[in-house]
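The letters A, B, C, D, E and F name the chains in turn, as written, and every chain counts its residues from 1.
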Amino acid sequence: MKLLVVNGNTTDAITARLAATARGAASPGTEIVAVSAPFGAAVVGTRAEETIAAHAVLEAAARHHAGCAAVVVAISTDAGAAAARELLPIPVVGITEAALLTACALGGGFGFLTFGARAAAWSRELVGRYGLSARMAALEALDAPPAAFADPDGFAEPLLAGVARLVAHGADTVVVAGAAFAGVCKSLQPRAPVPLLDGVTCAVGQAELLVRLGLPKPRAGSYAAVPARPVAGVGAGLGALLKGDT
Amino acid sequence: MKLLVVNGNTTDAITARLAATARGAASPGTEIVAVSAPFGAAVVGTRAEETIAAHAVLEAAARHHAGCAAVVVAISTDAGAAAARELLPIPVVGITEAALLTACALGGGFGFLTFGARAAAWSRELVGRYGLSARMAALEALDAPPAAFADPDGFAEPLLAGVARLVAHGADTVVVAGAAFAGVCKSLQPRAPVPLLDGVTCAVGQAELLVRLGLPKPRAGSYAAVPARPVAGVGAGLGALLKGDT
Amino acid sequence: MKLLVVNGNTTDAITARLAATARGAASPGTEIVAVSAPFGAAVVGTRAEETIAAHAVLEAAARHHAGCAAVVVAISTDAGAAAARELLPIPVVGITEAALLTACALGGGFGFLTFGARAAAWSRELVGRYGLSARMAALEALDAPPAAFADPDGFAEPLLAGVARLVAHGADTVVVAGAAFAGVCKSLQPRAPVPLLDGVTCAVGQAELLVRLGLPKPRAGSYAAVPARPVAGVGAGLGALLKGDT
Amino acid sequence: MKLLVVNGNTTDAITARLAATARGAASPGTEIVAVSAPFGAAVVGTRAEETIAAHAVLEAAARHHAGCAAVVVAISTDAGAAAARELLPIPVVGITEAALLTACALGGGFGFLTFGARAAAWSRELVGRYGLSARMAALEALDAPPAAFADPDGFAEPLLAGVARLVAHGADTVVVAGAAFAGVCKSLQPRAPVPLLDGVTCAVGQAELLVRLGLPKPRAGSYAAVPARPVAGVGAGLGALLKGDT
Amino acid sequence: MKLLVVNGNTTDAITARLAATARGAASPGTEIVAVSAPFGAAVVGTRAEETIAAHAVLEAAARHHAGCAAVVVAISTDAGAAAARELLPIPVVGITEAALLTACALGGGFGFLTFGARAAAWSRELVGRYGLSARMAALEALDAPPAAFADPDGFAEPLLAGVARLVAHGADTVVVAGAAFAGVCKSLQPRAPVPLLDGVTCAVGQAELLVRLGLPKPRAGSYAAVPARPVAGVGAGLGALLKGDT
Amino acid sequence: MKLLVVNGNTTDAITARLAATARGAASPGTEIVAVSAPFGAAVVGTRAEETIAAHAVLEAAARHHAGCAAVVVAISTDAGAAAARELLPIPVVGITEAALLTACALGGGFGFLTFGARAAAWSRELVGRYGLSARMAALEALDAPPAAFADPDGFAEPLLAGVARLVAHGADTVVVAGAAFAGVCKSLQPRAPVPLLDGVTCAVGQAELLVRLGLPKPRAGSYAAVPARPVAGVGAGLGALLKGDT
């Protein structure tokens, strides 16, 4: 099967890293196609940029999903994932949602490790939106300087210290937000006392699972397919899809 | 003061009706400027269209807010309102949020009257996002045919019946979603046993109130002003604002 | 319009300060009439005193509301506000409820700054009663000695430090309980990184807004007007009102 | 031991019936002293009357608790019970709270049977205030005409039908609000498929239990004894107690 | 009346201590019969051991309840209590549930003092299962070495320090998990600022109360008596009871 | 990989059907080993039988897990799944938990279709225990006679009607409890307007996913491996495992 990974940021270097992580997580026979957001912020860091990203994700998903079995929305806020899920005939998985549900499947309470004070608020809102607040043991927003993102391996010790604090607050697992630290988390796992969950890895696995389940697109409810009707001023992908051309 | 009313739909006829309702609600001395979404659906009716609308609302708010004291986001899902609140230096009010908070100020539980089965799910999600689920006595999604929107007065009896059912389920007030039925609700109020809350009217009042309170733009927290940084491929309004040109 | 401000305490000096704050917050053309609780504690500080105050607020509101457009109940516990709302034909606003709803309108989570360990419990209960616990980012009970109330300006630094701790715990706004620190909060606002919300100011604005909305007294639900019937041993205000003499 | 039963209504006939129910529930050696509210409504039926009743309950409890081991507050809203608990050196039990906690002790979800649409809202609020909403399977407000209260036995069939509907909605027990139907519920119990809980009976048992536990009056927290300080314009009981004369 | 106390652990020394505490709490005329779990762990300390204990409690309760008026399940996780409540014709009370409900009856928020980090998670889950999370002010898991259980009096200071921290976090009462520290808590009560609640003591009182209430075994709902049907490979007690032989 | 499917019931015919469903759901290369509960009820239908089943599941898992990559606990109450997850070094998945998390991954609210009034209460409790109550749109307990279990295909119409009612109450997906109707649900899927989720199918997929993720057994938190210590009177599987012999 072919999975489309849509980066909510416009930075191709991030897209390449997402693709590499996704390929590392995919089953044999799963092909990964990764695209950047066609417009918006280089790295989404505000509510406004997230709103733009949601639209960009939708456009990218509309434009590139043909021939794919499922879509992974790869941005820590899951921007546009719910709308894409409604819009497309194939499963759509957000990376944070996938990590949270995997944490639930492992049992107990999860810790949430995010980066920057601003992200703490979004993360709480997102967990609340998924109805999973009662499962969150603790949230910690690490102060990650740009250098940390450029050299994730050099950020290993602060990450481990954050994990330890979350465990001390009752976390049975730790969801590490975003995709920047996927690689280092993998190498740190042996030193961490609980499972570390990287969203891209969880999302690829969950997307493959949903594809294998072969469930139909709903014909009722709030995720049902919608009759095509034109919208103005949108990109080629959405334009075609909403007109019913695809 | 001047209030900017942003219609999340692209239909100018709706914008004109919103402007008329807003003008009817405004205090003497308040001027209403109303604009349509610069791109997106004629009438937003799906999650995908709502995602596009959020971006469009942001673009319109960025483009037209100069000289205004506050912004009213006029679409029943409050699409883009939180992001605009973060982005802009002036208060931003969503019509449904304003109606819900006004209902809370009146005491007890509110009923929520919306239109179409699909909107029921969104509405519950929106109320949950505002942390107000415990205040909702009941929700009812009326089956409103296109004719109802074209001739709201002809839809008076179904509206009153819906209100009555919500009251029977414990509603002390009734929030009527969207703006289509603002006028008829006003004329039906004498026949309704509890206050009927129209979002546009509530939002105009709340926007005026927030302006008068004169609170500063936060410098911390998740709604703080953000440093300008460029984004790619967005409209003139967002482009200028995010570049720090305004 | 004329607004009746009812102090839940019997101390006239507090009433005078409340009136001054209310006048500072009122729109041009709004007249403020302020009265002290006719019986009860000098300064309410226990659950028992609060219970007496609720009755006293009701009596004062019944006695003095004639000719007024709305009532502001000015005590941090909103004692008697819900009952007065049911009883009177005009809008009734509690100062803490008004500040909480204004905080919600500004978006995100609010911090709650109260005074004394005992008040922490009441405040959590009150926020819970309004169904807003999910919106509270953090609560802090400052240890405010009597000197702080006598010289609020001298208490500025502890207040700012409390605000800073609340912001560090995710507060996007800070509700400052009671009315004692309304003035100093106003002067401290430029040094605070998020909006500081004073209940009296918020309540006056919300009362004006509700008056302008012109909604009818409910005829159904739990705040509906009730048929007059006599009660024994109550004050002249309640006696007359409940007998249907007014 | 001697238990003080305080009727929140001023009607002596109700007080006599409460006393009879309490005596029927008391252990051998427990003496029941019952008093009516010293002021307020004949039968509390509105939020305003409930607010007055809370004060009246407090006054009665202050005046009559000397020599008693515990107090039972006998009104379906538990008016004044929390304040009396703080104020007095002995345990205080509300009848609805006692029935709810007994229902919890029996396991599963409880049904709540109350009387009149207005009481439905109060009851939900009360259950919420006790943090027990998640345990309530269903609530039903029976339309009980005055005749039902005058002749409770004649109201047996509607009561049983209400119980049946609550059980169909998942109730494992049924709390019957107030004290009016205590007697008939006892005689109906054999025909009811789940335990029927009468507040007065539960409260007498719980008061006896708390007395036997012999726990000390808290010296910290929000129910700690408070230093005596004068209040103005209150009755002889509260006046003496708050001045520290007792 | 005769109460059966079932220890969920297999250690007879603990059973003896439980019996002593129960006898100290019982009313005159109440006889205590205490039995150890017939199989399982010496001292339950894991989820697996708790699962075994639940079955063992059920077997012991089935085997020994004849002639008893009620059963007290004496293990901090209340293992098997809900199932025994369904199975038996007499009231069944868990010690932690009883302590939590007694804390609720005393008003305000409770603190929960447990022992060992692992128990913190179980305790939160248990409180959540009873729907009482909103009443829990704080939870603290003390690090109690084996020596503490062997010499509870020597652990007095850490216990008092834990109580003080819970009170500082808003606890109006403190539930002390398990039965190991029942004795020392009693002797420490004078030095503690809030009531300390020992589960065995609370459960004996509550069991006596439920017996006195004389409520019938439910014939409907999820705790109704169930038709006897054979199970394979269980102990003599369950075998006989489920076959309908008792 | 080899998956162990543990039936919580002792009926081998059910085990065979579970194995068949699991084999139908498994990926190529996944081998299914299915065992019946070694003791307990033929078909679990009460809380007591469920408690016995939890122990039996644990014993079976301990006895048979060697050489397996993960365990699926196949009983609608997920009896023993959490304890087995703590106990074993490999992933453990409950069928209802897996179906609920899959429903969450599909977005929106799920409907829950269960069988028999008694099961409704358990199901609500189970969903609450997983912290997912906010995601449940509606629950329906169909009255399924024994004939329905014997001839699931003949029960197709009632199942579809139940699904339709859940969808009308806002369900975006429907979890069908237990395993009895897995086959018929599959054949009914084309006639159902939303995805029907069978727990065994979901659990097999999720178990495979967890195995592929290769996460380590936690060394901290409430699911950490526990030091071996003897228990008395348990089966050969648990005895050996808890003694550290495996």
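Keep in mind that, in the parts below, contacts are C-beta pairs under 8 Å (C-beta built on N, C-alpha and C of every residue); 3 or more make two chains touch, one makes a residue touch a chain.
Bear in mind that the values here come from a model prediction, so they are computed numbers and not experimental data.
For the pair chain A and chain E, chains touching both partners: C, F.
When the CA atoms of chain B are superposed on those of chain C, the rotation angle is 180 degrees to the nearest 5.
Comparing the CA-atom centres of all chains against that of chain C, the greatest distance is found for F.
Although chain A and chain F carry the same sequence, what matters here is overlap: shared residue numbers make up over half of all numbers found at their interface. Note: the chain lying farthest from chain E is B, by mean C-alpha position. Chain F has its Cα centroid 44 Å from the Cα centroid of chain D.
Note: centroid distance chain C to chain F, computed from Cα atoms, is 52 Å. Chain D and chain E have centres, each the mean of its CA atoms, that are 28 Å apart. For chain F, the set of residues touching two or more other chains reads 82, 85-86, 108, 120-121, 128, 134, 170, 172, 221-224. Interfaces, counted as pairs of touching chains, are A-B, A-C, A-E, A-F, B-C, B-D, B-F, C-D, C-E, D-E, D-F, E-F. The touching residues of chain A, when paired with chain B in their complex, are 10, 38-42, 45-52, 54-56, 58, 80, 82-87, 118, 120-122, 125, 128-129, 221-224, 226, 229-234, 238, 242.
Within the complex formed with chain E, the residues of chain D that make contact are 27, 82, 85-86, 91, 93, 97-98, 101-102, 104-108, 130-135, 167, 170-173, 189-190, 193-195, 197, 201-202, 205-206, 208-210, 212-213, 215-216, 218-224. Residue ranges on chain C touching chain E, taken from their complex, read 120-121, 124, 128, 133.
On the side of chain B, the complex with chain D involves touching residues 108-109, 134, 170, 172.
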